[in-house]
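Got a structure for you, questions after.
Chain nomenclature is as follows: A, B, C and D, assigned in order of appearance, with residue numbering initiated at 1 for each chain independently.
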Amino acid sequence: MKIEVLYDYPRLEEKLIIERLKASNCEVILTNINNKPLPLGERVADVSLVRSVSMYKALYAAAVRESGGGIAVNSSYTISICGDKILTLSKIKNAGLNVPKSIIAMDVESAQAAYRALKKPFVDKPPIGSWGRLVSLVTDTVSWRSLLEHRQMLPSQQLKIHIMQDYIEVNNRDIRVIVVGGEVLGAMYRVSVGDEWRTNIALGGKPVQRRLDPVIEEVTLKAAESVKGDFISVDILEDSMGTLYVNEVNGVPEFKGFMEATGIDVASELVKFLIEVSKR
Amino acid sequence: MKIEVLYDYPRLEEKLIIERLKASNCEVILTNINNKPLPLGERVADVSLVRSVSMYKALYAAAVRESGGGIAVNSSYTISICGDKILTLSKIKNAGLNVPKSIIAMDVESAQAAYRALKKPFVDKPPIGSWGRLVSLVTDTVSWRSLLEHRQMLPSQQLKIHIMQDYIEVNNRDIRVIVVGGEVLGAMYRVSVGDEWRTNIALGGKPVQRRLDPVIEEVTLKAAESVKGDFISVDILEDSMGTLYVNEVNGVPEFKGFMEATGIDVASELVKFLIEVSKR
Amino acid sequence: MKIEVLYDYPRLEEKLIIERLKASNCEVILTNINNKPLPLGERVADVSLVRSVSMYKALYAAAVRESGGGIAVNSSYTISICGDKILTLSKIKNAGLNVPKSIIAMDVESAQAAYRALKKPFVDKPPIGSWGRLVSLVTDTVSWRSLLEHRQMLPSQQLKIHIMQDYIEVNNRDIRVIVVGGEVLGAMYRVSVGDEWRTNIALGGKPVQRRLDPVIEEVTLKAAESVKGDFISVDILEDSMGTLYVNEVNGVPEFKGFMEATGIDVASELVKFLIEVSKR
Amino acid sequence: MKIEVLYDYPRLEEKLIIERLKASNCEVILTNINNKPLPLGERVADVSLVRSVSMYKALYAAAVRESGGGIAVNSSYTISICGDKILTLSKIKNAGLNVPKSIIAMDVESAQAAYRALKKPFVDKPPIGSWGRLVSLVTDTVSWRSLLEHRQMLPSQQLKIHIMQDYIEVNNRDIRVIVVGGEVLGAMYRVSVGDEWRTNIALGGKPVQRRLDPVIEEVTLKAAESVKGDFISVDILEDSMGTLYVNEVNGVPEFKGFMEATGIDVASELVKFLIEVSKR
């Protein structure tokens, strides 16, 4: 069994995964995608785990490995869906799950029309981005115009596009659940801190263990299935009435905070899954 | 039957399609995606034809319509694959078709390594882009370094990534074939002009009718299938030995030049297909 | 006498100036800087009026003409100062005039420190930009963080830099004064409209005539002198106590609204000045 | 005597300067401009040495210190001229010195016209940039078109503008001279290495001592005067006939290689000058 790890900047997560892989009896191949050119059609392993920090590099690394007949975890399909918040919302909604009421505005004129239609405050974010970056809570016209002007000046076509969403009151926390190979590993809260409304760990959010109940488990597995995700994390918003909304899905999940909060050895579970896949 | 056309800047192609749709007995819904906000989950038609000039806007328009249970032509899946030259190559290669020998380099160091490995001249292009833009023929170290530095300064992550390909000698022309609903409509050459090596119509390439033979037909249909394309154009390179390489697939094809060269009424064929789909 | 007009996109202003020039007995040379390469050291006229919409093109056009010993109006010096709000503030402040209390923050950490030090609301803007674009009123931490993140993503080094200023209560209007060749032509109010706090004409601000008093005249002339401006407009904020603050100076001023509000034929006055300069 | 050093990323140069300053009996103030907000009008020292790696941060730091009546070395004027290759060429040319024959093209159309007029190979570079970056040698139409397309996609207005220059045959080396306070410290060659035609140290160029002769001294001092430079380096091209062309002037010069090649203690000479200025 040959298992490859494709990475760019190894974080704690990648180090743990590599450690666990080496402790198993797989042959481990480490590929730094910034140094090594990837020939289309090349096959170097049975399974290739994609772990780059850059979403696009992850997507392309998976696609190259698939072009050679290899299996990528996650697949390029899953990474392309989860790496884009509009594509994710489309799949989740189509699967019959709740998502926050969302309007997609392609340009300034449609964004202005959506602004007039939405209850304030609302959430505005571009389809691409990690760690909560550019996810904005819009409360008034003055800050909305400033946001709209700034967004228009961003150099990427995608960053000019607006996802405008109902703001769900979540009591300063959301729920993060991790799935490996069709099984839910566990759940945690991410609790926002101070005057930061976003719960992202990168923005200071605190990971806190949460009991896993059957409803959350069901929602998470449906979400995973809708994006064909092998190893993903799902972010769920729970409003004051207990209604659950799937908000985002991560196709190359970080899990340091999750490990700390839950004590679950995510890297080991992932390695078990990779070995299982490589035997198929 | 309700058929929607989603567009941003209507070209001749969009005008013809709309004319043909209006001449049929469908209800035609015109949606300017720059003006109109698109609510996730909204269903306005049986089939939605996506015709925006901007690839990302096309992708998101398709995804929104699918989120409401509608059918998009092309699907968001096809647009996401065809809108990205690495994802396209991966699917085509995986389907067993010839593609130019290609190396994907994610960063400067791997691009330099690939440069040393490749025969000159070679083709370098980023995964995203239309009309031949940024598609470069690299002949020597001096122009390679300049290209590498410029690419690094581009503001988008994707435009920093390199597809480095064998240059296929094609006698100043490539073959473009259009497919609608699993049927090949016809083929043309695009002939490059003057000292421009690229064949793109936007760069002055001349459209010239070409006989459709069974081999081209088979290659094209396999390519269409590999990206699940309903309405696409396929670009094929034919080397001096007659070997065919699939180079790119377009998910929102322009067809003005194709109509002129072949006399085929692409808009009518497309409208027939849309009506057929809306009846399913 | 040869007088050149360098332009890119001719607006009403450029058309009027050219008309007035042609009605005089000068030889008029029209140079579209987007079409015509400008050789360093070339001398085509006695005086070159720089009227491009793009600030950097205006700056470089002036510098090229000066390199050939010609006189540019405005000079490259004036355009470089007035085209940059930090350089303008520095000159104005150094000349002993009032400016809004301003802090320059080069990076996120210093911007956060300045944020803590400033009274809210305050004004945040980058050094470069016209028509009020990206000029933001910051009222609270949530919108500040969003602004800070967006600014960091802008592709230009300059747009990442923050001018953070006391917000001067101006009763929805500021004063714009135009100077030609050391003489004040007149003044107007720009009155902001609706829920837009900015007074820029491009943002809907209404031009309204204002009496020219000696204090405004003195402030304006000192401001013009501090940037060595031949033909400029000066924006002045007047607080509730009647204190005047020089806010910005424009080195390629638009004057359509000014003409409408004051009835002053700015183009004629400018042409008189250009002829006078060309006789020196 | 209070002398301030404004810096962002301290290199060897900054460390040496600070060491020498501390060894003198000045009071030394160190200001990290990324951390510390700079209030307009603040006066913290008699003289402020500006040493940030970022040209714009250097420019604005100088301007802020001048707004408080302080002296900046270099002045904001000098930094703004030397930080921009078009402004530098304009001043040098206007001072009657030789510069390579240069054409400024503001847009694609004028760049194409200049391309047709120029002898190949020629040098193409944008007005802004350090370390030789984007400085390209254009030899043929294929690489020219690629360069033109790439340049158009760069997000900054300035980087889209072309300085197109005669290529001066310099036998793989240019001459760098350093000036402090109107005195020439010494000279070196920068020798390009391998197949890299550019001589920049950052691109592998080797520093080699060069005798200082009166002609070079005179050219350098005239160049320094034309940009009012206190502490600058001047790059001079010498063609096969011995003609000297001033090519670029650096307003925040690096001098590590210069020290190695010449043995001159640039930091000490600079500190002497700063002390002298602070006594004025």
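Quick note on the criterion: a residue touches a chain if its C-beta (ideal position, glycine included) is under 8 Å from a C-beta of that chain, and two chains touch if they have at least 3 such contacts.
Because the structure is predicted, anything quoted here is derived from the model rather than measured.
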*Identify the chains adjacent to both chain A and chain C in the sense defined at the top.*
none
*Any chains in contact with both chain A and chain D?*
B, C
*Can you give the whole-Å distance between the Cα centres of chain C and chain D?*
28
*Chain centre separation (chain B, chain C; CA means) in Å*: 45
*Please list all residues of chain C that touch 2 or more other chains.*
155
*Give every touching pair of chains, nothing left out.*
A-B, A-C, B-D, C-D
*Flag every residue of chain D that touches chain B in the complex, lowest number first.*
133-134, 136-137, 139-143, 145-147, 149-151, 153-155, 159, 195-197
*Residues on chain C engaged by chain D in the complex (per definition of touch)*: 8, 33-41, 52, 54-57, 59-61, 63-64, 66-69, 76, 80, 86-87, 89-91, 93-94, 99, 101-107, 109-111, 113-114, 117, 127, 155-158, 161, 164
